[in-house]
Each structure stands twice: as structure tokens, then as C-alpha cells.
Amino acid sequence: MENIFVNAAGGIRNLLESAGLPGLAVDLIVLTVIFVAILVFVLLNVLWLVYMERKVSAFIQCRIGPNRVGPMGLFQTIADTVKLISKEIIIPKNTNKKLFLLAPVMIFMPPMAVFAVTPFGKGMVALDLNIGVYYFVALASLSTVIIWTAGWTSNNKYSLLGSMRVVAQMVSYEVPLLLSIVGVVLLTGTLNLTGIITSQQSVWFIFLQPLAFLIYLIAAVAETNRTPFDLVEGESEIITGPFTEYSGMGFAFFFLAEYANVLLVSMLASILFLGGWLAPFGLTFIPSWIWLLLKVYLMIFILMWLRWTYPRIRIDQMMAFCWKVLVPLAIVNIFVTGIGKYLYESVRW
Amino acid sequence: MKTQEMLLNVGPQHPSTHGVFRVVLTLDGETVVNATSVPGYLHRGIEKLVESRTYPQVLPYTDRLDYLAGILMNWGYVHAMEQLMEIEVPERAEYIRVIVGELQRIASHLVATGAYAGDVGGLTGFIYCFRDREDIMDMIEMVSGARLTPSYMRIGGVAGDLPDGFLEKCQKFIDYLPTAIEEYNGLITGNEIFQHRTKKVAPITAEKAINMSLSGPILRASGVNYDLRKARPYSIYDRFEFDVPLGSNGDCFDRFYLRILEMTQSARIIRQALAKLPEGPINAKVPKIIKPPAGEVYAETESSKGIMGVYVVSDGSTKPYRVHFRRPSFVNMGHFDELIRGWKIADVIAILGSFDIVLGEVDC
Amino acid sequence: MTVQTISEVKTEIIAKYPQIELSEAGHFFVPVSQLADIMLDLKVSFGFDFLTNLTAVDHVEHFNVVYNLSKTTGPEMLHIITKVDRNEPKVPSMVPIWGGAVWQERETYDLVGIIFTGHPNLKRILLDDNWEDHPLRRDFQWEGGRD
Amino acid sequence: MFGKGLLKGLKITIGRFFGKKSTVQYPEKRLPLPDRFYGKPDFHYDKCIACNLCVNACPNKVITLGTDTVEKKKVVTGYHFDQQYCLFCGLCEEACPKDAITFTDDFELTTYDRNTIGIEFVKQEQVDNKIKEIKQAAAEKAAAEKAAAETKVQTENTDKEQTTNKEGGA
């Protein structure tokens, strides 16, 4: 069980090598297979997450949620997707058609690219990048531009308001997100995600960096545009913000990408703070990738739970909260971590 | 840097204008510079329609004014008619009216509370409120046969006596209500994000509120003790003990929270009315064909949104010469344009939600 | 302040303004020319600070503009009627005295066609801006539809 | 303390997450409807006395009653209920002295076609039967009357004869 995926990849590699292919071609094919596997994994998870969100919200609201399509309504998302595919894509007048259609295609790119460097289990990482954290932060901020493009080309005032909010919100919340990760990086001294996981062998960073975890959680909610920071979509204020004019599959892409982002930030939270695929209490008989999934889903559930409990914050309060509360706290956290680390290293308990 | 003001049309199709209401906002970024409300998208000309109906036939149309508090709208009309014709309503009918009227008030406030939670983004609060409103809707369906448009009252009484099982159900609901209110307070009122969103937003001073003829929870949130049930008791409200909750700041939070407090008071009234409910006839002796004497009357009742006034002019025939409804939401909205100036878009929605308008009533 | 009954208040008002007619039903009939002054005085001296209702009725030969005043401090209510000439339906606006009249006067203008002079924004409110007639007038005719 | 309200909210929602659900699986399960429910209208042909009270009571002119006079008796020939304009206020039911118009608890009133939403309650055969009945009754009555009249005439005649006989006798 533990090494099922690693072994599978190794098996393919051996098979190809024994067939006499050159090394580069083997690498290329194996990587492609891995990336397709990741793609499938992410898409399956996204479909499941849509269903899960609907179920969680329903359960919290004393409802049952989807239960008609398939057993327990499991195929509801698929049915919805089929419906969305069959719908007409309406393009507003006087817009830049190419950009308008490009935005929903591009929106999946940043989270997908980040998944290339995230470890899914012990030894299960497509590219073990040395600067994994840096790569994540750099790519995650890309989606701002894409959502902004969608809003701008929609030629709709609600979309414009929404996309301005995207820029304000996501750019601002990048800062505390980054600063909260700095605490972790300071402790480990590495930007490699696998390295960060292995250095949590003795204790998870959520216990060493509780403040950083909290800041990361809040900033992550803001980054994924979910309640209480769903100002971008702010359904009761600006309809669905940048996505107002999108219909059919265009809308579906944005909708699904949101869940890909949720998956991503939850995964990063488990990797950075919850020990990644490390098994707690020595329960190593459960495979590492299952442990990671469990932690990821715990994080996702917390995000959903928050979403269906809290109202939405206002734009000026959101900005004030970011710059006046989160950023100073994150900086304090870095200082404390630095001093703590220095003391720890000099005293050597 | 060159900046430009933007004209934004909020509505008539918008998720949180509570119907087909339109506000034309002039925005500077996210801040409202100027606002013009444009009602009338649900105007059905009820005042004109009823001119060609007989007096009892007006009643179903009053349901469609404030369709979240149909019984209270019925009450406003029959109250005016009873004053015009000088009808004495039997005791039992008055008690039944108070019970169902207060239930309807709770239902209407539940919608206001829930919709307000939804307006500021917390959809769960919305569903919780609607879940509990369902019980009231069931009870109203039990007595009147319809959930939203009950047409329950008649000139001189009510349409039917309370059915079997109603009293138990009502008692059960009243006993349950405090737990539900505690839940709303925990989920919505006590939430810090919610308080940040609503406290100190768009305060209305007491003088301004009186000057702008605001009524209902909006007026009382500004600290003006003016509830017709106390100030000028109609029906049998002088027999019940209840308080008029008052706000102090007149901001969105006070307007919201006042409704929750009023629910408790309504429950108190229902409890007393259930205990005292007398036996007897439920309809006064009213001629089969209603022909009120020529004259005119203006009578007011306190609906869930504010003062519901009905002005009836009779020329002695079977059809009213003129009926005018003073709809509380309509008059309250007169202050809206002025109030939202200088606030953010998100606040506009919060303020509109705190006004608790029903478009059937605004547009008549 | 001494407690007065509503009839006492009414006699006091009549004593101060002999031009007001008091009908049997207790309604005041105020001439249009003095409406604004009397209303202001009712608010300032008599404490009727709350304008609850404002509407108009078409009585074919003339219009009645109806005002209902009440007090936020007591149960008293006044029912004030002004007769307006049908050919020149002009009434001073109450907006300077009670801001609450602002939408009610627009509605009355919209449906009955009373022109409130001095109103800050006397436009149609419920009906379409291009509508021509005033539907609550008795001579209003419309075609089509179900009545 | 800041955050207390936030935590309380989370506690409430997680409680509800595991709590009882209040959804009713609609088409399979239905909530009981009260007796007074105003659903689809129902008309009882035999009870109707064609008094027109329901037509006059209706605020929205939903009901059109067709009547015909057969043998001096009113016969309902048509009862058209234009459901799309119905306000479900129940004033017609209240006005009816014979409970001929009632409301059922069927609330699924949607139709695919606007033309099918109005209900014509009276079937031609009902009218025919009724007319036949009345005619038959009238005929029977007429026959009975005739017979009665004949017997009367006969008795009268015999009386006359007797009297004339008497007179003649006198």
C-alpha cells in the first residue's frame, strides 16, 4: 500500500528502460504519466469537493443536500458539469473576445503548476524542487491577474468592481501568507517542501508556530476568496463579481478552479504545519499518502465550516485587517521565531 | 491621477434588493456619492383595482401588499372598515386576531432577520430563520388555508375559528422560540464580523427618524418609543403586558437586533392571549351586503414593518370610492437615498436589508 | 404639559385658526392658501411632529388632499383635508416641514396628479416616467387588460 | 474577548452538522395538509342551485356560470373556473349556500399549456342528464297533474251531473 504509486512509477520506468528507450525519453514519458495522474487526481478531488461543499453546507443548514443523482447524489457534480457543458457560452458585446475566453482556460494553470512540486506521500513528488515554497508563492499570485482579466474583459460594472477587489485582496493577503511561511522556513532552513516535511519528524510546526498557522489559515481563506473574505464574489453585493458574465463552461472553470485552489492551500497547510504525509503517534501502517489526504480533508472541512458560519467582511475592514493586524502579527512572529531559534541554537537544550 | 465616477444600476434584478427594487448609485470607487431609488417595478395598481371591487372583495388584495405579513395587512383594512361601520368585534375574534397577528409578526421578523444574515453573507442564518418560520407558516395554513396570502380576517371578525390542534401547536412553538432566538444570537448577532459590518453603519437620529416619518423597528431603533400597540392601543392590545424594545444608536445593528427583541415580546403577547382566550362567536353581526355609510376614515395598525394605515372613502355604495394604503415600507424608503450617501456598496446592501422592505408593499 | 383630550386640542386649534372648518366626523377642512402656515404651527406649537399619511381623493368637482398628523408622544391624531381646485391642483409641499412627505407626495402626484409646489424632486415614482395620465382620477380610462 | 462570538458560531454550526435534518423528501413524502387548505377547486354539480352568489363573491371574476331555464327550472349548463386568475381567497366557497364549490388539497396546479389551466367543471352529459331528469320529472309531474286534473274534472263532472240531476230532479 505504502509505495503503490511509487512502485507503479518505477515499474513504468523499468518497463520503458528495458524496452531500450533512451534515458531522456523515459524521463519524459514517466513525467507525463505522473502529471496526468496528478491532473486526474486534482480533477477528481475538485469534483468531489463541489459535492462535499454542497453536502457540508446542507448538513450545517439542517438540509440533506444533493441526493437524487446517483447513490447519495454522488454524481450531482457530474450532472451539473454536463449541463454546463451543454449550455451556450454567451460573449458580451464589445469585449476582447480572445481575452474573455482565455481567462477561464488559464485559471486552472496556477494551481495545477503548483501541484507539480507538492509531495503527495513519501517519495511521491513529481519534481522535488529546491525552492518549492518560493515556487508556490510565485505561482499562486498569478491567478490574481487571470481573474482580473476575466473581470476587465467582461465589460460589466459588477465584474469591474469584483476584479478591483480581487487585486486589492489577493495582493494584500499575499503578504501575510508569505510572512507566515517565513516562520516555517526559518525553522527548517530550507525551501524544499519535502525537506520541510521531514524536519517535522519530531514535532509538527503547528505547535511551534501556532500564530503562523492562524495567519496562514486566514490568509489562505482570503486567497481562495471564500467567506468571510468572499468579497470578490460577494453574491449579495456584486452578483458573482468577475464571473458575472460567464456562462456555461466558462463559469464552470472558474467554479472548479476555486476548489482546486482550496485543495492547494489545504495541501500546503498540511505540508507546512501539519507534518505533511508524516504519520502521527507512530501509526505508520497507514500509508503516508492517506495521512496527507486525511490532513488535507481536515483542513478543507475547516475551510467549509468557516464558510458556512461566518458573514462577509467589508472591503475597507478587510484591508485594515490585513495591514493593521495580520502583517504586524506575522512580522512579530518572524522576530520571535528568529530570536527563539537563536536562543535554542546557542543554549542547546 | 484621473478618476471618474461610475454609475451602477443595482437592480431591478439583484440578489439582495429583496425583490424588484432598483437603486441607481453613483460610485467613487466603492463609495456611494449619490443614489436614486427607483421603485415601481411591482406596481399592480391595487388602489385602483379595489375601486371596482366590493368591500369584502378588497381583502384578498391586501394580502398582496406585504406578502410576508398578510394577516397584519388584512388587519389594517378590516380595522379601518370596522371603524367606518362602527362594528363591535366579538371578544374571541379579537383574541384570535392577536394570536395570529403576532405569529405573523414573528414570521415577518424571522424573514427580516434571516434575510439580513444572508445580505451580509451568512447564508446559514438565513436557512435557520426560514426553518423556524416554517412552523408559523404551517399554523397560518392551518387557520386560513394558505401560507402566504391568508385572507383570514373578515370585516367584523375572522374567517374561521381556530382548528383543533392549533393551540397546542402554537404553545409548542412559543416554548421553542427562545431556543431558536438563542441560536440566532449565537450565530448572527454575537458574531464579531457581523457586528463590525453593522454597528455604527448608517445611524439615524431620533429627530431625523420622526421628521422622515419612519415607523416600526426603524423608528424604535433610533430610540423613539412609538409603537401603536402601546401609544394608541387598537383591538385589545391594552390588555396585554409587553415592552416596546428600543435601540439607542439607530444604526443597522440596532435595527436588526430590535426585531429579534420584538419577537420575544410578540411571544409574550401570544402566551397571554392563549391563556385568556375566551369562548364565543367569532363574527360580529354584519349585513350580508356591506354598505358602509358615506364618509371617510383613516385608521392605523402596527404592522411588522411599521405603521400600516388604511384610508377608506365611502360614498354609500357597495364599492369603496377610494382606498389608500399607507404602506410602512414605502414611507420608510423615502429616507433611503439620503441615508446611503457616503457608504460603501456592501453597506448599501446592509442598510437596505436593515430597512426590511417588501416590494409588494413599496410598490403597492 | 397638561394632558388634553383630542377634542380640547381641536377646539384650541379652531380658536387659534377660525378659518379652519371642523366637520361632524372631526375632520379639519383647511383652505389651501393657509395650509403651509397652519401645518407648520401644528408641528411647532401643538406638537404634531409625525406626518403619518398623505394622500388625495378625486371628488370629481374638486380634489381632497388628506393629511394625517399624529404625535410620537401621545395618541392624538388629526385628519386634515384641503380642497383643491380640479383645474389647478396645486398644494404647497410639506417636505420642508416633514421630510417624510417626500415619497408620499411623489406618489400622490403620480397617481392623482396633485402638484406640490416646492417639492425638491416631483417626479413619477411608481409609474413609468412616460406615462401620461393619473390613474386614480375618476375620469381615467384605460384600454385592454382584465378589470 | 474578541473571537468569542466567532467560536460560538462555529459551535452552533457543528452542532447542526451532526443534528437532525428537517428536509422532507417531497414527491415521495408529503407533509399533511390542513383541512382548510385552498388547493384545486372542486365543483359538485348536483348541489349547485345556480344562484350566482359565488360569481358575485369572486374578487377577480374567475367564475363564469352558464344557466339555462328548462321547464321554469334553472339548470347549470356550464361552470368555468379560470384558475390562472384565482386568488385562492375562498370567498366563493364562503358565499356558496350549498357547498357546491369546494377546494381540494391538490396543490400541484402547474400545467404545460396555458389553455388547460382553466377548468370546465360541467360535462355535457351531466347537463343532458339533468335536463332529461327535469323534463322527466316535469313530464311525470305534468302527467300526474293531468291525471289529477282529469280525476278532478271527472269528479267535478260527476258532481255537476249530480247537481244537475238534483236540479233537474227539483
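Lettered A, B, C and D in written order, each chain numbered from 1.
Here, a residue touches a chain if its C-beta (ideal position, glycine included) is under 8 Å from a C-beta of that chain, and two chains touch if they have at least 3 such contacts.
Since the structure is predicted, the reported quantities are computational estimates derived from the model, not experimental observations.
Asker: In the chain contact graph, what is the shortest path length, in steps, from subunit B to subunit C?
Answerer: Between subunit B and subunit C, the shortest chain-hopping route counts 1.
Asker: Work out per-chain C-alpha centres and flag the one nearest the whole-protein C-alpha centre.
Answerer: Per-chain C-alpha centroids compared to the overall one single out B.
Asker: At what distance in angstrom does the C-alpha mean of subunit D lie from that of subunit B?
Answerer: Result: the chain centres lie 36 Å from each other.
Asker: Rounded to a whole Å, what is the gap between the Cα centroids of subunit C and subunit D?
Answerer: Roughly 47 Å separates the two chain centres.
Asker: Measuring from the mean C-alpha position of subunit A to the mean C-alpha position of subunit B, what distance in angstrom results?
Answerer: 45
Asker: So, what's the distance in Å between the C-alpha centres of subunit C and subunit A?
Answerer: So the centre of subunit A lies 63 Å away from the centre of subunit C.
Asker: Two or more other chains touching the same residue: where does that happen in subunit D?
Answerer: Those would be 6, 9, 12-13, 16, 22.
Asker: Mind pulling the residue numbers of subunit B that touch at least two other chains?
Answerer: In subunit B, residues 124, 128, 131, 187, 191, 193-194 touch at least two other chains, as defined above.
Asker: Using the touch definition from the top, which residues of subunit A touch two or more other chains?
Answerer: Where subunit A meets two or more other chains at a single residue, that happens at 60-63, 308-310.
Asker: Mind pulling up the subunit D residues that touch subunit B in the complex?
Answerer: 2-6, 8-9, 11-13, 16, 22, 31, 33-38, 57-60, 87-91, 94, 103
Asker: Please name which positions on subunit B make contact with subunit C in the complex.
Answerer: These residues of subunit B touch subunit C: 39-40, 43, 45, 47-48, 52, 208, 210-215, 224-226, 231-232, 295-296, 298, 300, 307, 309, 311, 313, 321-322, 324, 326, 330-331, 333-335, 363-364.
Asker: Looking at the complex, which residues from subunit A come into contact with subunit D?
Answerer: Those in contact with subunit D are residues 56, 59-64, 305-306, 308-310.
Asker: Could you please specify the touching residues of subunit A with respect to subunit B in the complex?
Answerer: 57, 60-63, 157-158, 160-161, 164, 227-228, 230-231, 234-239, 308-317
Asker: Would you tell me which residues of subunit C are touching subunit B in their complex?
Answerer: That would be residues 25, 27, 49-53, 55, 57-58, 66, 68, 70, 72, 74-75, 77, 79, 98-104, 107, 111, 124-128, 135-136, 140, 147 of subunit C.
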